[in-house]
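Below, chain A partners chain B and then partners chain C, in two separate complexes.
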Partner chain A sequence: MRRPIFVMRGGSALAVRRRSAEGFAFLSPVVIVLVVTVGGPLLFTLAISFTSASFLGTLADLRIVGLRNYVTVLTSTSFQHAFIVTIEFALFTVTAEMLLGLGTGLLLAEEFPGRTLLRVLLIVPWAIPTVVNAITWRLIYAPDFGALNALLQQTGVITDYRSWLGDPSLALYAIGVADIWKNFPIVGLIVLAALQTAPRDLYDAAHVDGAGIFRRFSTITLPHIAGPLMVALILRTIDTIKVFDIVWVMTRGGPFSSTKPMSMLVYERTFSNLESGIGSAIAFIITLVCLVFIIAYTRLLKRQSRSA
Partner chain B sequence: MRRMAILTAAGLLAIVVLAPVIWLMILSVSSTADIYTVPLRWIPSDWDLSRYGRLLAPDPSGNTSPFLLALRNSLIVGVAGTVAALAISAPAAWHISRAHAGEGLLHVMVGTYMLPQTVMALPLYVMLSSSGLLNRPAGLVIVYLGFLVPFTTWLLKTGFDQVPRQLDEAARVDGLGAFGIMVRIGIPIARASIATTALFALLMAWDEFFYALLFTSNAAAKTVTVAIVDFTSGRVSDYGLVAAGGVVAALPPVLIGVLLQRHLISGLTAGGVKG
Partner chain C sequence: MKKYLIATLLVLSLAIHLALARPVAADDAKTLNVLVMSDTAYSDKDVSSMTASFNTEHPDINVKVDFVPYAGLRDRILLSQGSDGAYDVVLIDVIWLAEFVKRDLIIDVTDRVDSSLRSQVFDGAWKTADLNGRLYGFPWLVDAKFLYYNKKMLSDAGFSAPPKTWDEMNNQAQVLKDKGIVKFPIVWNWGQNEEIVCDFAYLLAARGGQFFASDGKPAFQSEGAKVLDYMRSQIHSGIANPSSREYNAEDGRRAFLSGEAAFSFNWQYVYALSKNPAESKVVGQVGVAPVPAGPGAPEGTSVNGSMALSITKTSKHPEEAWTYVTFMTSKDLQDKYAKAVLPVWTASYSDPAVVAGQEELAAAAAPNFKNMVLRPVIANYVQMSSALQEGIQAVLYDKAEPDAVLADIASSVGNQ
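Up next is the complex of A and B:
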């Protein structure tokens, strides 16, 4: 049902003025917090990205360099590499999380013994802090005494222990697996929640009409869960574009920068190399990429709240 | 046939989800000899619970263990951040729910919540260092409000939307103002969703790593996420000790997560999935 947001309220000018004064009092604490912790810093970083600022430099050192930092960043191989790493990580993890999540949701919609318990278990990976997840998988991948090497060797898949996180061609995907493990269950629970509101009688009618399982999935199930699935897709994509924590803990971006995403480049440039202007420009490029998805997300939310 | 497939898939799913967690717990109680052997022993021959003691007990000279300090800091930052976020966002959430004004603000907030932390890091660092709040739990609380407040405003607003409007009218007739109605009617009736919101906020603050890594560098302020990552970056790291730290750090959020299970989905799709 559409909520009557646009209905005129109040009446007299006095009532309107009182209402807006009241609105100001109720909203201002939130606005102050947002200006201090988000809006202000965002503008500060934007301004710094047009200067030659260094982290320890005094304000006197600032020289306005226009778009030079952006040109430097976009043409540098380190940024281009970090951009590709980030996209590769996002594509791998988000695709796998969506597919596994979809499968998990469809499975949990079935009746079987232990279903309730399994649903509770799926909360565990989500609830484990990202940092603990990263540490757990680092221990699993450990080259000398790790569980993965032991498992694969004892089952005859590999003969010699391997360094999963030390191999530039494997490390990013090894981190990806850890990220997928943490996040696919929650996508599954989102799908399940959407499935539980699916129209039962439509299925029965389709069944009577002789629609096969794939036809029923594509014409009834998929359209019904498309909204929530889209929300999950956008949120996961934004999260992976920003990825930092899990990579920092598992590889610090190595070996040979093979797992270094854009966020880590910001950290290095701003706080280690003290090139704050360059770091801020990279941070802003990441923000612009995220913004595309954030706008898509808020549009989707608006549409869903209107049709709810 | 179909039933067999479903049960197999469910069994497989349970193993995939549980195996890493169980492995972490096994490592944390295996004797050092069992951890560092090839071929690996899956079930430890000796149980060794001493690491949990070493994590939490004072050192020989009587100083509080750094890990316990980190747990304390995480608790302080989490509770203070949650309480502050609720106090700041409740009036805004109430106003947006009742007056249908400021919905634009709400959407902007959902957007800011998803901005990368890296873009705010440098200015926040400058702000905290110039006000002497680096390495202080209070400093972390302030920067955490940046992502806690948008989230709590959104969730509280959905909670307040469930409070029947007829009650407002009755209270207004009784002479209560807008603030009075929120305190006397809105908050008591929406207390279940306020509790849910608080638990979510606590979880988010507990898990935060990036700001804590940047803004804390000594034991007086380091949070638990930073403290366990420190364990792993030492030259000689005891896998068992690292695992024990992980188990302790994961325990509170996992308990909260299970408590939240009924509200998980609405909370997540409303404000986003925590990073």
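Up next is the complex of A and C:
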């Protein structure tokens, strides 16, 4: 077990105990807030997911149905489809955001004229509210008067205007591009911040030893930014698995539900169909999916830090 | 040490107080909360100024109006039911009436409406408040889809009048396309939203089809399959814009008003916008007509999109709420704002002062409001609608066949 750092300052067992009591006292507000705002609703959702709760129903109508909601959800084609859509969206956007963010972060860590300006500009997409971003991209993609079609046609890439959000095989990726544009800067910023603390002398030593650019990247840079990068990866994955707003504004899940992620099913089931039990079951499944990714990533991080 | 603990406890108790504290409401017995929509009818500004004149007339009643887009209106009404700030007056769509009554959300106002008043308002408008002979609100908006057409394009193609039948419309569209006057003569609003179900409803009625037989059994499969076939052929033949499959009412409206199409089906709000140079590139070219006739239905067989103001069961001031509803739906007020939305009162249409400047819309409204049909009046309409939206889109994208789609929906909806 890891000991609190202040123990190192020494002192009797009593002092240690008193100090840790003090520590708990200071932590308690945060713990209480977390339990009330996160733990409570989470347990409540879990409890509801085992019942036949209806949004406007009364307690008298409430029946405990065990795992039936989960069976209903997992065997429904709409959920299976939404699950695939969500995972596809997460893989596409998170991969692209990590690669672009990493590249941008590395680039902006170099010294060149105009660097400060570029660093400021990098924040702009991320600072734009998601809904505004979604509406903007919807206009860019507009089939008859959108900027993208005009650009591609004038440069000769396409001959006929395309319907980006109306094509079931393209729509999800079109939304993905809008999401990537907005969110890669946060990865870039995290990488950039991590690089600020990279020890200069290690690079100099590696340089003297004749290590090439890739060698320096894999043995010095990457291990140094791995932790922050993993945080970015976890945050972005969770964010994309529970994606809702950008899809809601751009396509509402269409065409024929080809872009409908799991979170939209939660909304539909809970608030449109008023089936709180089913909605909660889906919400809980989303939480579990996020958890699986988080555990996998942290394991990966631990293994990496051990080998480093 | 003690100091820290005391400080922590103080902060904690403050936090708990803040969390549990409720704003002390001014004990104003006469505050009404009202929920209406912010798009496709009266503008926010219009509703606010109507409400302001109500407040001047009734200084003892304080009205607070919230606006949401139509797409969020039903969910907001339902969600607000459980909260402290529940609404007293809500705007309900014709398709939600059965559900709201079944869930016991709105009050019965049958006894408040005089029979002489009933006969002065369009029958179709009453459908939005009348369930099995009982009234649950007063019609505020009467609306149906209209056929908007581009007069210039039609005359360039040699047509002097808009189509009277569906076949005629297809023929005109084909000529427009063949002559190269417009690439895609028709634009529909066939994205995955309620619009596509509205269009399905009147296309079904045009063939003489119906959603449910009198015994409550689903009856839309056979004629419905022909409708889906027709809708698919519109896209395949290129007389309709393939982007229609991603459009909602506003997208379709923009495409039509930017001169991208010769025909468009939309609600009455488009008429006023078509004359506004900021919204329209085709000012002066837009005509409006009733929905064309089909083999099984007369001209004007459109879809009923009327809406009513209802009083919620949770309202603490139903009397004041009714005073407000009566004011907002009154003929005088509706006549005054007739340029924004046509009145629900039949007599208004013979008043030259009311129809001045929009004679064409009023003329098209007469058959439309007389013959418009309802979407299914069932408690689980929302679920049926979302199945239809997805199913019809699957057909339009060649991912499913009409028969299979409609058989699936019929079995999932069941008997009503």
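Observations on the model:
Everything that follows uses one rule, which is that the second predicted complex is superposed on the first by the 250 of 308 C-alpha atoms of A that agree within 3 Å, B and C clash if a C-alpha of one lies under 4 Å from a C-alpha of the other, contacts with A are read in each partner's own complex, and residues count from 1 in each chain.
We adopt the following convention: contacts are C-beta pairs under 8 Å (C-beta built on N, C-alpha and C of every residue); 3 or more make two chains touch, one makes a residue touch a chain.
None of the values given here were measured: they were computed from a predicted structure.
Residue contacts after overlaying the shared chain place A:Pro143 against chain C, while chain B stays out of touching range. When the shared chain is aligned, no partner comes close enough to touch A:Ala174: not chain B, not chain C.
Contacts of A:Phe55 after superposition: both chain B and chain C are touched. More residues of chain A lie in touch with B than with the remaining chain of the pair chain B and chain C. Using the contact criterion defined above for the overlaid structures, shared-chain residue A:Phe271 touches chain B and also reaches chain C. In the superposition on chain A, A:Leu233 contacts neither chain B nor chain C. Once the two complexes are laid over each other on the shared chain, residue contacts for A:Leu165 go to chain C alone; chain B is not touched. Once the two complexes are overlaid on the shared chain, A:Phe26 sits against chain B and chain C alike. In the superposition on chain A, A:Pro255 contacts chain C only, with no contact to chain B. Looking at the shared chain after the overlay, A:Asp245 reaches chain B, while chain C stays out of its contact range. According to the touch criterion, the shared surface of chain A, contacted by chain B in one complex and chain C in the other, consists of residues 22, 25-26, 29, 33, 36, 55, 142, 144-145, 271. Considering their complex, residues 3, 5, 9, 19, 22-23, 25-27, 29-31, 33-34, 36-42, 44-45, 48, 55, 103-104, 107, 110, 112, 114-115, 118-132, 135-140, 142, 144-145, 147, 150, 153-154, 161, 181, 183, 185-186, 189-190, 193, 228, 231-232, 235-236, 238-239, 241-242, 244-245, 248-249, 263, 266-267, 270-271, 276, 279-280, 283-284, 286-287, 290-291, 293-295, 297-298, 301-302 of chain A touch chain B.
Remark: chain B residues 3, 6-7, 9-10, 13-14, 16-18, 20-21, 23-24, 27, 35-40, 42, 87-89, 91-92, 94-96, 99-103, 105, 107, 109-112, 114-127, 142-143, 145-146, 149-150, 153, 178-179, 203, 206-207, 209-210, 213-214, 225, 228-229, 232, 239, 242-243, 245-246, 249-250, 253-254, 256-258, 260-261, 264-265, 268-269, 272-273, 275 touch chain A in the complex. On chain A, the positions that touch chain C within their shared complex are 18, 22, 25-26, 28-29, 32-33, 36, 55-56, 142-145, 163, 165-166, 168, 251-257, 268, 271-274.
Interface residues of chain C facing chain A in the complex, by the touch rule stated above, are 1, 4-5, 8, 11-12, 15, 19, 74-75, 78-79, 81-82, 103, 105, 191-193, 241-243, 245-246, 251, 254-255, 258, 260, 382-383, 386, 389-391, 393-394, 396-397, 399.
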